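Please find one structure pasted underneath; my questions will follow.
Naming follows writing order (A, B, C, D and E), and every chain is counted from residue 1.
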Amino acid sequence: MIRCDRNVPVGSSKSGTPVVALRGVGKSFANDVVALERLDLDVWSGEFVSLLGPSGCGKSTALRIIAGLSEPTRGKVEWVEAQGAYAAGARRIGFVFQEPTLMPWATVAANVRLPLKLAGLAADAPARVDAALARVGLSGFAQSYPRELSGGMKMRASIARALVTETNLLLMDEPFAALDEITRFRLNNDLLGLWESLGKTVVFVTHSVFESVYLSQRIVVMTRRPGRVFTELSIDAPHPRDERFRTSADYAGYCRRVSEALACASAGTDEAPTGS
Amino acid sequence: MGEGRAKDEISPVADRVLRVLLPIAMLALGVALWELVVRVGGIPPYVLPSPWLVFSTLVSDRALLSASLLVTLTTTLQGFLLAAVGGVGLAVLFNQSRLIEYSLYPYAVILQVTPIVAIAPLLLIYLPQQAAVLACAWIVAFFPVLANTTLGLNSVDHNLVDLFRLYGATRRQVLFDLKLPAAQPYILGGLKIAGGLSLIGAVVAEIAAGSAGAGSGLAYRIVESGYRLNIPRMFAALLLLSLAGILIFFALSVLSHLMLRRWHESAIVREV
Amino acid sequence: AFLLAAASAQSQPLDKVSFGTNWVAEAEHGGHYQALADGTYRRYGLDVTIVPGGPNVNNRILLLVGKLDFFMSANTLQGFDAVERNVPTVAVAAMFQKDPQVLIAHPDQGIDKFEDLKKLTLFVSKEGLASYFQWLKSDYGFSEKRVKPYTSNPQPFLIDKKSAMQGYVTSEPFAIEKRAGFKPKVFLLADYGFDSYSTLIETRRDLVASKPDLVQRFVDASIIGWMNYLYGDNKAANALIKRQNPEMTDELLAYSVAKMKEYGIVDSGDAGSLGVGAMTEARMKSFYEKMVRAGVIKPSIALNRAYTLQFVNKKVGLDLRPK
Amino acid sequence: MGEGRAKDEISPVADRVLRVLLPIAMLALGVALWELVVRVGGIPPYVLPSPWLVFSTLVSDRALLSASLLVTLTTTLQGFLLAAVGGVGLAVLFNQSRLIEYSLYPYAVILQVTPIVAIAPLLLIYLPQQAAVLACAWIVAFFPVLANTTLGLNSVDHNLVDLFRLYGATRRQVLFDLKLPAAQPYILGGLKIAGGLSLIGAVVAEIAAGSAGAGSGLAYRIVESGYRLNIPRMFAALLLLSLAGILIFFALSVLSHLMLRRWHESAIVREV
Amino acid sequence: MIRCDRNVPVGSSKSGTPVVALRGVGKSFANDVVALERLDLDVWSGEFVSLLGPSGCGKSTALRIIAGLSEPTRGKVEWVEAQGAYAAGARRIGFVFQEPTLMPWATVAANVRLPLKLAGLAADAPARVDAALARVGLSGFAQSYPRELSGGMKMRASIARALVTETNLLLMDEPFAALDEITRFRLNNDLLGLWESLGKTVVFVTHSVFESVYLSQRIVVMTRRPGRVFTELSIDAPHPRDERFRTSADYAGYCRRVSEALACASAGTDEAPTGS
């Protein structure tokens, strides 16, 4: 069996300055569920970091806290304001929620246009919306309503919405889980391309070990609830990555190591909701 | 085209036909029954006039009645618009600020439960007559719009609210691009209720504060005809009122259907 | 004869009779409450239930369908309407010789003549508009444009000094005097030619045909009730009124009775010789012509179907009037 | 406990306090303003009595007024229950069969728009008085419940409907385990509207069909006091009516909150 | 590159008699989207068959048609009624929808109990609900409301609901997509165990090639919209399967072949919605 080394970061690539840091963050809900406990997480400027962890361990909660949609009950979230682009006003966060979260009364195009509209960028909106829709393969469905889409297509519309504006911090919560491998691989590559060319910071939640290794510079593995960092692994393979990396022995090795870490992190059982 | 499987397993075409024919048939049946009851029971016209008599009264008094109908419909329409704008407006205001909501909601409830007869004299003191009538009609009709819109504005998917917040939406944008569209089914439901109520409101307002005599509305016709025992004319006026009510309801239903049919569960014809 | 009738009636079971009034219990219904309270109705073999009316209550239709046996109609015009509409009712007695309908104005506005009222805003009820106001229009040239609805609440009138409102001589002036503290100008329409009877007893034709005796007894007992109410000891009747209408006060009752006497509402004119409840063909005709002139009623109705003199003008109760 | 971030960024505790105190404070302010206006304007009590006078009238006439209040509240409660049962019942019936819906909805609309004053005399012919009063109160209040419940029953998540179908749910089960629970927010919204309306309905019904005299309700007090220019008493009666209305609304709000707070967006306090 | 052989079934394991067969099934929607076209699919009694195909190709639509929740616009669905267990009345279908589809007003336990309640099986309901919740690791959340669950937990509640009654045909639409690998593997094994011991027929939609190979006896690969069968592959590895199979060379080989078939099936672009 696997030997589990807990909380021992396996290298930590500090490629830049930290943008945002969660310091001893805890989050409990009114029903006594402790979702996060003493979570420490640094996100570095321009990095691609993945969160991996058992279902219900607090990944979505952590993303929401980073986005400022949720307040930690303990600890704090530190933004490195010196970093001009991430100053409170300038910060531009893109978020792909775990659920598609589309406006049912608006067409796909209108849904995707939303961030542009809210930012008052009407000028080149149509072109950008078209491009974003084409990127996720929904060009033909611009005028459809969400209820007319398949599950995967809804998620793609949601991804297109996150990519339509220029954001400097992209938070993605299992964006590709509902997609077939072919589409998923294509969007993986698209996302990597965007990240490399635009220098966005990306925090990515996924359940796919393969995906996390393929995409990330760093993988943060979280424990069962209450979630905290179990270990961090840095994936030092150079970018740009492509099919060659995916079929390399390195890749397989990383995947094995991440899988093992995940298995260790998932050991035991969740805390019951009343055991706060 | 997908085949719709409606309740009672009716095909969509049959459904559409039934939707128009059945109500008409049932109303016709009601009228026939009424005629029958009057004939068989030998009920004198001053107690319950036969539909035929009502209809012929409608024709013979058409000038008088249509003038009154016009007056009442004008009040109704104005009252309805005020109720719609006022109800939605107040709900929006309340939604924008909890302080205002807590402060003013009790007054809205008070307005709803205050009997018009009691406050019409007070309104007549301080407002010109037409304004007093409108105020009365408004008071009767605005509350359902307010209550339903409030409910709708509060029922917005929280995740969408988060999304808007994240993209730095202004209050205005949250309101116009998120909350109001999301509340549409509720608002339209409130308007459907308010449609009929504003007609009632117009009638009550006319009775309590309206002008009488030549230029007066259906309410005056009804009261006067009742007092003067011109029961056929009273029924003719009531009939006009009912028709107007059905028409208003129908129009609002169509509006609601048009606005919701593309997206809301209550209106889309599900394809199976 | 009176004693005989009473004696014979006592031996048989009482006839159940219901009588609908046109407002809540008040002094204007005093005669009937008197007859009820002092047992006059019982002595005439009647077990009477008085069903009070009120704003927006239309008791008249209950008479038509037989839920009431007698109804107190406000004025003669309603009888004309009944004829025009072929409604089988008929007036059998007129308890008020004068319609107590008044127009009330503020005292300090230079309103001295009846015609001065024309320049004021008028608060008139829908019913008033359908009746006496039409006469005001045709005979005095009042204008509908100045009318605002009167909904049984004098407040708008009190605020607007340039207005007048309708009322009953027996009630509204008192309320105003008492609450608003001034003595208003009061114009009794009857004094200016509005010669309608008022507070008539109306019943169905079939009852007149089938039980004339019952009708006669009710009319007679009511007349006696009125005489006793006005001139005798009316404490019991007033107590009954107050029980039915807790808003009523002794003060107001006393005022109303005084005004009814002062203006001769009940006991004046023909009633002086023919007894309370008197009706004459001449007055009916005179009022009918006024109403025709006002365009309220068709010129060709069978006027004599509106009333019957079969039960009145019999000098009943004259002996009760103080000398 | 998570921290709630309410509108206007009020903490949940402050929010709860404000929710109770603000309305009271605003009502107190209203009363103070009213007192001021009366004093400064030297407005005579027969036009607008001062709150103090109203209050002391309330106290001195408490026997009379509380008896009337009881009568009106009884009618209101009965009317409300009938409206709730009738509105939900009709909506369920309509939801079960499209044929019935198409056939009877026009009649429901006609009932809604028919002025009570006009039909009360007719009702009195065929119904005993108390039944007629109740029928009037019911007619005024049932439609919002019907309309909202209909909307709610039609707004059920189609996927859940599929799920129930798949598991062979009977019509009854679909209704009681799916549609009615899902429609709760709409039904409760309708009831909130109907609460006030049934009070109004009771008042209107009393005026139109009620017996006047000893056993009569607040409506009669209001009209008769107005007629007798006993304006302080009229206001005291109005005040009681308003209080009753606010109480009913508050009770229904609490009920709604209790039923929805665990699951519906409109009622859950969101944890952020 | 891969050579794409279209519509050539690679073996077809007919382990039993067909239960339901889609014959030339087509489905178009009112908005002119043709979701399915001439789809032929046999489901054999007791088999475990997976549907694989690009996002939006009509997999969910096909499941809904099998379940009788949707009517085909062309072609027909044939039930082999002779097979007593699947006769119109006796047919007991379990369905895990792509979205959790929980009743928001009911607790997790009440949601899971629903099929028992609808079938009038109240007697041993609590025990069975507890067992189903334990199976998906939600024991502690029986009294929670759906909104208090994470995305993966909602899906697990939905799975528990499908497993709580005895069904003879289980339709599962990407049930494990939102779960971490550890949970996913565990539930994979659980599902296989159930299938083997109870002899259920399972039709399983997934985007994971690995999962489909691990679980199925037969994999049906569908083309892009309008969806039809591109090819079928039978996975002849014996059951029970376990970790050994997952790490075998056979497994890798199957995975490669399925991936290739999927790549071929996904080639080209979707039909535009107006091109019916």
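As a working rule, a contact is a pair of C-beta atoms (placed from the backbone, for glycine too) under 8 Å apart; a residue touches a chain by one contact, two chains touch by 3 or more.
Computed from a prediction, not measured in an experiment: that's the story for all the values here.
Colleague: Could you tell me which chains are in contact with chain A and with chain D alike?
Modeller: Per touch definition, common to chain A and chain D: B, E.
Colleague: Looking at chain pairs B-E and B-C, which one is connected by more C-beta pairs in contact?
Modeller: Comparing B-E with B-C, the pair joined by more C-beta contacts is B-C.
Colleague: Averaging over Cα atoms per chain, report the distance between chain C and chain D in Å.
Modeller: Each chain reduced to its C-alpha mean, chain C and chain D end up 40 Å apart.
Colleague: So how far apart, in whole Å, are chain A and chain B when each is placed at the average of its C-alpha atoms?
Modeller: Computed from C-alpha means, the inter-chain centre distance equals 50 Å.
Colleague: Which integer distance in Å separates the CA centroid of chain B from that of chain D?
Modeller: Their C-alpha centroids are separated by 17 Å.
Colleague: Report, in whole Å, the distance between the mean C-alpha point of chain A and the mean C-alpha point of chain E.
Modeller: Centre-to-centre distance between chain A and chain E: 27 Å.
Colleague: Give me the residue numbers in chain C that touch at least two other chains, ranges are fine.
Modeller: 55, 58, 61, 65, 151, 153, 155, 159
Colleague: Considering chain B alone, which of its residues make contact with at least two other chains?
Modeller: If we look for residues of chain B contacting two or more partner chains, we find 47, 117, 121-122, 125, 157, 207, 223, 226, 264.
Colleague: Going by the contact rule already set, what residues in chain E reach two or more other chains?
Modeller: In chain E, residues 29, 69, 99 touch at least two other chains, as defined above.
Colleague: Between which chains is there touch?
Modeller: Here the touching chain pairs work out to A-B, A-D, A-E, B-C, B-D, B-E, C-D, D-E.
Colleague: In the complex, go through chain D and note every residue touching chain B.
Modeller: 6-8, 10, 15, 18-19, 22-23, 25-27, 30, 47-48, 95-99, 102-107, 109-110, 112-115, 117-119, 121-122, 125, 143-144, 147-148, 151, 154-158, 185-186, 189, 192-193, 196-197, 199-200, 203-204, 207, 219, 222-223, 226, 234, 238, 241-242, 244-246, 248-249, 264-267, 270
Colleague: What residues on chain E touch chain D, complex-wise?
Modeller: Touch list, chain E to chain D: 64, 67-69, 93, 95, 97, 99, 101, 103-106, 114-115, 117-119, 145-147, 165.
Colleague: Per the contact definition, I'd like the list of chain D residues that touch chain C in the complex.
Modeller: So the residues of chain D touching chain C come out as 44-47, 64, 117, 120-122, 124-125, 207-214, 220-221, 223-231.
Colleague: Going by the contact rule set out above, which residues of chain A touch chain E in the complex?
Modeller: Checking each residue of chain A against chain E gives 29, 31, 33, 52-56, 60-61, 98-99, 137, 139-141, 144, 148-153, 156, 173-174, 177-184, 207-209, 259, 262-263, 266, 269-274.
Colleague: Mind listing the chain C positions that touch chain B in their complex?
Modeller: Chain C reaches chain B through residues 55, 58, 60-61, 64-65, 78, 81-82, 85-88, 124, 126-127, 129-130, 144, 147-149, 151, 153, 155-156, 159-160.
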